[in-house]
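In what comes next, chain A is part of two complexes: it sits with chain B in the first one and with chain C in the second one.
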Partner chain A sequence: MSVERRETPWTEAKPQTRFKAGEGLEAALLVVPGVALMLLFIVWPTLNAFWLSFHRENLLGTSREWVGLTNYAEMLKDPAFWRSVGATFVFAAVVAPVQLVLGLVAALMVARPFPGVGLFRTLFFLTTAVPTAVAAVAWGWFLHPVGGTLNRALEAIGLSRQPWLTSPELALPALAVLTAWAGVGFTAILLTAGLQQIPEELYEAARIDGAGSWTQFWRITLPLLSPTLFLVALLILLSSLTAFGQIHLLTRGGPMESTTVWIYRVYQDAFFNFRFYYASAQAVALFLVLLLLAALQFRFFGRKVHYG
Partner chain B sequence: MVSLPHWLARPLFYLGLGVYAFLLVLPLLNLFAASFKSDGELFAPGLWPTHPTLEPYQEALQKYPLARYLLNSLVVAVGTTLGVLLVSATLGYALARIPFAGQSALFGFVVAMLLIPGEVTFLPLYLLVQQLGWLNSYTALIVPFIASPLGIFLLRQFIKSLPQDLFDAARIDGAGHLRMLWHIALPLAAPALGALAALTFLGAWNMYLWPLVTINRSEMMTAQIAVAQVQNVEVTSWNVVAATAILVLLPTLIAFLLAQRFFIRGIALGGLKG
Partner chain C sequence: MKRTFVLLALALGSLSLAQQRVTIDFWHSMGGVLGEATEALVKDFNASQNRITVRSQFVGSYDDGLNKLRAALQAGGQGRPNVIQVYDIGARFMADSGAVLPLEDLARANNFDLSQFVPQPRNYYSVDGKLYGLAFNSSNPILYFNAQALEQAGIPYRNTWSLADLEVAARKLTVRDASGKTTRYGLSIPIDSWFMEQFSYNSGQFFCNNENGRKARATEVTFNNPAAVAFLDTWARLVREGVAANTGRTWADSQSLFAQGNAAIAIYSTASLTGVLRQVGNRFPLRTAFYPYLRERNGTAIGGAAVYLIRGFGDEQNQASWEFIRYLLRPETQAKWIIGTGYFPVVRGVADLPAVRQAYVRQPNYTTALRQLETSKVNTASAGCLMGGFTEIRQIVQSAIEEAMRGKPAQQALDEAKQRADQVLARYNASVRQ
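Take a look at the complex of A and B:
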């Protein structure tokens, strides 16, 4: 007969049982490699990131010297740094709402089953399978000044062609839209999962009370989906703050540095301007911003672990 | 909102779906169409080529060792996936099923690691990999990423939720932890492993910044970086660039179409963490 068993919550320590002979070795075999890898490739680089940011190359470039907070002081006075921070937040501020709305529309259409739903789910979730470099090339061609479909379409309805990726005003928003597009599948998957958790009975009750689909959306769907929406918005923000591949591939930070976002400046300073330690300080600053957002997300997912 | 007559609502719904799906997929269709256009037809109006040709593919494959780049990416993605599954299953099992001193502290540590934004520690990681002599190798692209806090966390949660009775019975039969992990936990955790595998494969296949800085020998380049390289050289031959991109897209696209539910589950788990 099985004994009545209660699930212990994850924060509570399990009752300790005695080890059998050889079990300590088995346990060590299972635990030690993973922990060692995490210490070496996550903990050590994270600590070292801070340590490096307090140094600077010496004049010969042969070794490094301790400079304390000099890199940070310089960074705070560096207009190029602040331009990259500004570009990053403009970029994120376009990506997040566009991706959220595009994904929500897709999720609303395919959350409930109907004949043919499988095909449309596949199509709406498809961008998940598209690598960043491929998405970038697809949009590079889509926005092409001469052969691009978008410019042809604009011309067909009487508007003029736009130099999407070569104009300092348009390049950053254009990259943001392509990033949002590439994330639609991801967003739609998470929001579909969120929508499917809303009990169908609520909609039935609302229909019986005579509520139309518009009322149902504002009174049931949106309020009940809002925790998921908030979480997904945070995830989008987190990933858009470190978007790199599409920028490297399509604009190389230009034109006129208009798409040199935070992480792109870190990459450039470290590998092209030979300022590895100054780049480290900028990376640490970005790290702290991301950590703050991750901590916010953590509050939500912590709750999900408890009650979800 | 005025409600529509019933006979009209359904066709309109499908029309809306179709238009939305078409617009979302349009940039990809456009790329696909370009990859079958000859040089002469590339800039002619019209989405579809009137005389589809395989020339762009032939040119891309002749001028660039794309097979090698795709193989590199495949080795990296499969290697990373297997490594992540191994580490996540072993450590996840230990955290869920083996009582040892400091277990809850270690689990707390794994959860804290989840918070660390890995994209931003690439500079110190680069120095480390350089000191280890791993630049320009598969090792550099695989080993730093096989201890995945997310994977360990997911597997720990999943194995923890399995019925204790199964493990008790095996224990009475004299099974040790390795056997219980292999014969009980892993078969039952197959859905979680599948989802984690899909998520990891996708992430490794898509890596961009890390291979860009750690690989500079041409024969070790991954497919993503190869796309950037081809795009950089073939400034006007967008059909060749498109053909390259389509070839790089195919593996993940096919994997996605075949194992869609694992990808969806993986993303739902990874995003909402449980």
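Take a look at the complex of A and C:
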């Protein structure tokens, strides 16, 4: 079986647009607010962080001196930094597969229309629509060490309650699971779009050849979905490396710093410890990792994918 | 026609008023019930006279407020407030920042008698012998008892508890099912460095060197003192034995446990009293008592926050800020503030006001904090530790508490934490000299 995959919409070459005289200026004016906002709130702070990371500041940040790579050198020798990097990747390693599998299951359930599909699509997407703060508070009740719903349920079936958010072993995985839960809706939407791009004829042909739904999934769905899966996996990875709200609200980096992930370390060093220069160095390092992952994503999706 | 004239007159009138009026900015970090009480004070002040308008703004947490202030000062002072509320442990930072107009200077210039202050809040916010901030919301930690559980266990209520007595009571109050699993904890304390600090002070020990940084700038932490070690050792042991609950760092998680009757004794701030009383409702009678100590009760330091005047404004503005501070210091204002919030007054003579007396009769638990304050010895231990980098150091102490709960000996956990904390303190002190 040989299938040539259609080009995905975002890789299609756009027709060349030519502006008439005067239109160019108008167009430029229209993009000015957007570009200005981006420059002001994204590009400028990023450049500022780069610049600051080569400095040391006094208490109030009113005077600073150039120190070159000192902050980076200190960072690489700082065990707290490496612990946070480790926690970040453990976190991502739990979030990505859980969210991907749950998202895929959800997407498979709602990809093809059936009566009531709208309800299920809404339900799955609901987790993404709930604001992080609300979700975190709800999960906080659910996971309360003594009176939480989950622990009472465990006790009701004869198991012992678990310190979900108060033990250094469980806190990070628990946060990862609730992060994955929150992202299921978004993942499901992307994967549903991917599923709907798979031509129906292939399934028809497969059925005529006598393939069961299990075979169809492994031979048609998964291979044809794999580019989308890869993209989604990268997106999940990128977002899980910058997860913040749920950690801030539920554990504040504890217990025993087990949930102090990279970005939380940056936050604490900057806004609690008033070491903006050192936090900037760590933020720049995180930025480079994210950049690398993003580049990987573009490289992969910038090319056409053929199956022969 | 007539209406137009009236409107015009009103507009002109308000215009001329606006020219005389001085507007000052006040940043605070009081949310919820406390935020409402704060806004009410500001409103009352604005209504009480017609020369000064206080524009109050809730700036998020204390840390958020400090960050905003820092950003404003970095931008050359643009947008900085006249008055800002900063938490207790920011006292060293505020003095070192050079951005504060010491309250003592203003008080002296305005012939305000500083002896009107209750000594502990004054001592706490005095840096290098000078009073910098006005203790706005002052609290201390207290014991919370489920009085019904106490009675059922045959334990008589007492006002003062040593750590050893508290442990005995907690053990007695713990209820276990047939399999030995705890169904009601004897004790619940949120994981917070503040309780370690206060236990040190209340046992006459220091949390940082140079007598809590009161004789000279603190250069080392001393939270591995015998009292703190004993406290952590007991606390962690009780957690491991299932006598004390570990509900993590979130106070609310411990408070819900206590309010539902699943923990018989708890330790919170006096400022938690209103909220806890509301949560408990009619479930059981609640009683409060003084904070525990190791051998002899010395006295607790105050917690909470102070308001500071920021430098760089003209005399007229500073005078307006002082008027506002002066208003906050009035016994009637203090009375309004403390009734219902659980904080205690910072000037003398407030507790004797009829309104306060009535409130205290209605809910005697509110007097615990005040009586604890009045019976605390006034010395450098109960003045509280004054040092920089305190927020970061608290994180380190909290990690040490968590390590001890998992079985690391308390002494070792605190000794190791001291190494890290001393680095933070050294770095802070170096950044001040820069």
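The definition used in the following text is that the second predicted complex is superposed on the first by the 256 of 308 C-alpha atoms of A that agree within 3 Å, B and C clash if a C-alpha of one lies under 4 Å from a C-alpha of the other, contacts with A are read in each partner's own complex, and residues count from 1 in each chain.
Keep this in mind: contacts are C-beta pairs under 8 Å (C-beta built on N, C-alpha and C of every residue); 3 or more make two chains touch, one makes a residue touch a chain.
Note that the structure is a prediction, hence the values are computed from the model and not measured.
A.B. asks: Touching A:A111, do we find chain B (first), chain C (second), both, or neither?
C.D. replies: neither
A.B. asks: Answer with first, second, both or neither: which of chain B and chain C does A:A87 touch in the superposed model?
C.D. replies: Neither chain B nor chain C is touched by A:A87.
A.B. asks: Just to be sure I read the superposition right, which of the two partners does A:L30 touch: chain B = first, chain C = second, or both, or neither?
C.D. replies: First partner only, chain B.
A.B. asks: Look at the residues of chain A and decide whether chain B or chain C touches more of them.
C.D. replies: B
A.B. asks: Looking at the overlay, does A:T166 come into contact with chain B only (first), chain C only (second), both, or neither?
C.D. replies: A:T166: touches chain C, not chain B.
A.B. asks: Quick check for you: in the superposed arrangement, does A:T251 touch first (chain B), second (chain C), both or neither?
C.D. replies: second
A.B. asks: Tell me which partner A:L100 touches in the superposition: chain B (first), chain C (second), both or neither.
C.D. replies: neither
A.B. asks: Quick one: is A:P131 in contact with chain B, with chain C, with both, or with neither? Answer first, second, both or neither.
C.D. replies: The first partner, chain B, only.
A.B. asks: Quick check for you: in the superposed arrangement, does A:V184 touch first (chain B), second (chain C), both or neither?
C.D. replies: First partner only.
A.B. asks: Can A:L195 be said to touch chain B (first), chain C (second), both, or neither?
C.D. replies: Neither: A:L195 stays clear of chain B and chain C.
A.B. asks: Can you list the residues of chain A that touch chain B in one structure and chain C in the other?
C.D. replies: 140, 144, 146-147, 271
A.B. asks: Over in the complex, which chain B residues touch chain A? Could you list them?
C.D. replies: 1, 3, 13-14, 16-17, 20-21, 24-28, 30-31, 34, 42-43, 45, 47, 87-88, 90-91, 93-94, 98-100, 103-104, 106-107, 109-110, 113-128, 143-147, 149, 152, 157, 160-161, 163-165, 176-178, 181, 202, 205-206, 208-209, 212-213, 223-225, 227-228, 231, 238, 241-242, 244-246, 248-249, 252-253, 255-257, 260, 263-264, 267-268, 271-274
A.B. asks: Where on chain C does chain A make contact in their complex?
C.D. replies: 63-64, 67, 70, 73-74, 93, 96-99, 181, 185, 191, 245-250, 253, 256-257, 260, 262, 388-389, 391-392, 395, 398-399, 402-403, 406, 424, 427-428, 431-432, 434
A.B. asks: Under the touch definition given earlier, write down the residues of chain A that touch chain C in their complex.
C.D. replies: It comes out as residues 56-63, 140, 144-147, 160, 163, 165-166, 168, 251-257, 268, 271-275.
A.B. asks: Which of the residues in chain A come into contact with chain B in the complex?
C.D. replies: 2, 5, 7, 10-17, 20, 22-23, 26-27, 29-31, 33-35, 37-38, 40-46, 48-49, 52, 102, 105-106, 109, 114, 116, 120, 122-142, 144, 146-147, 149, 152, 178, 181, 184, 186, 189-190, 193, 212-214, 228, 231-232, 235, 238, 242, 244-245, 248-249, 263, 266-267, 270-271, 276, 279-280, 283-284, 286-287, 290-291, 294-295, 298, 301, 304-305, 308
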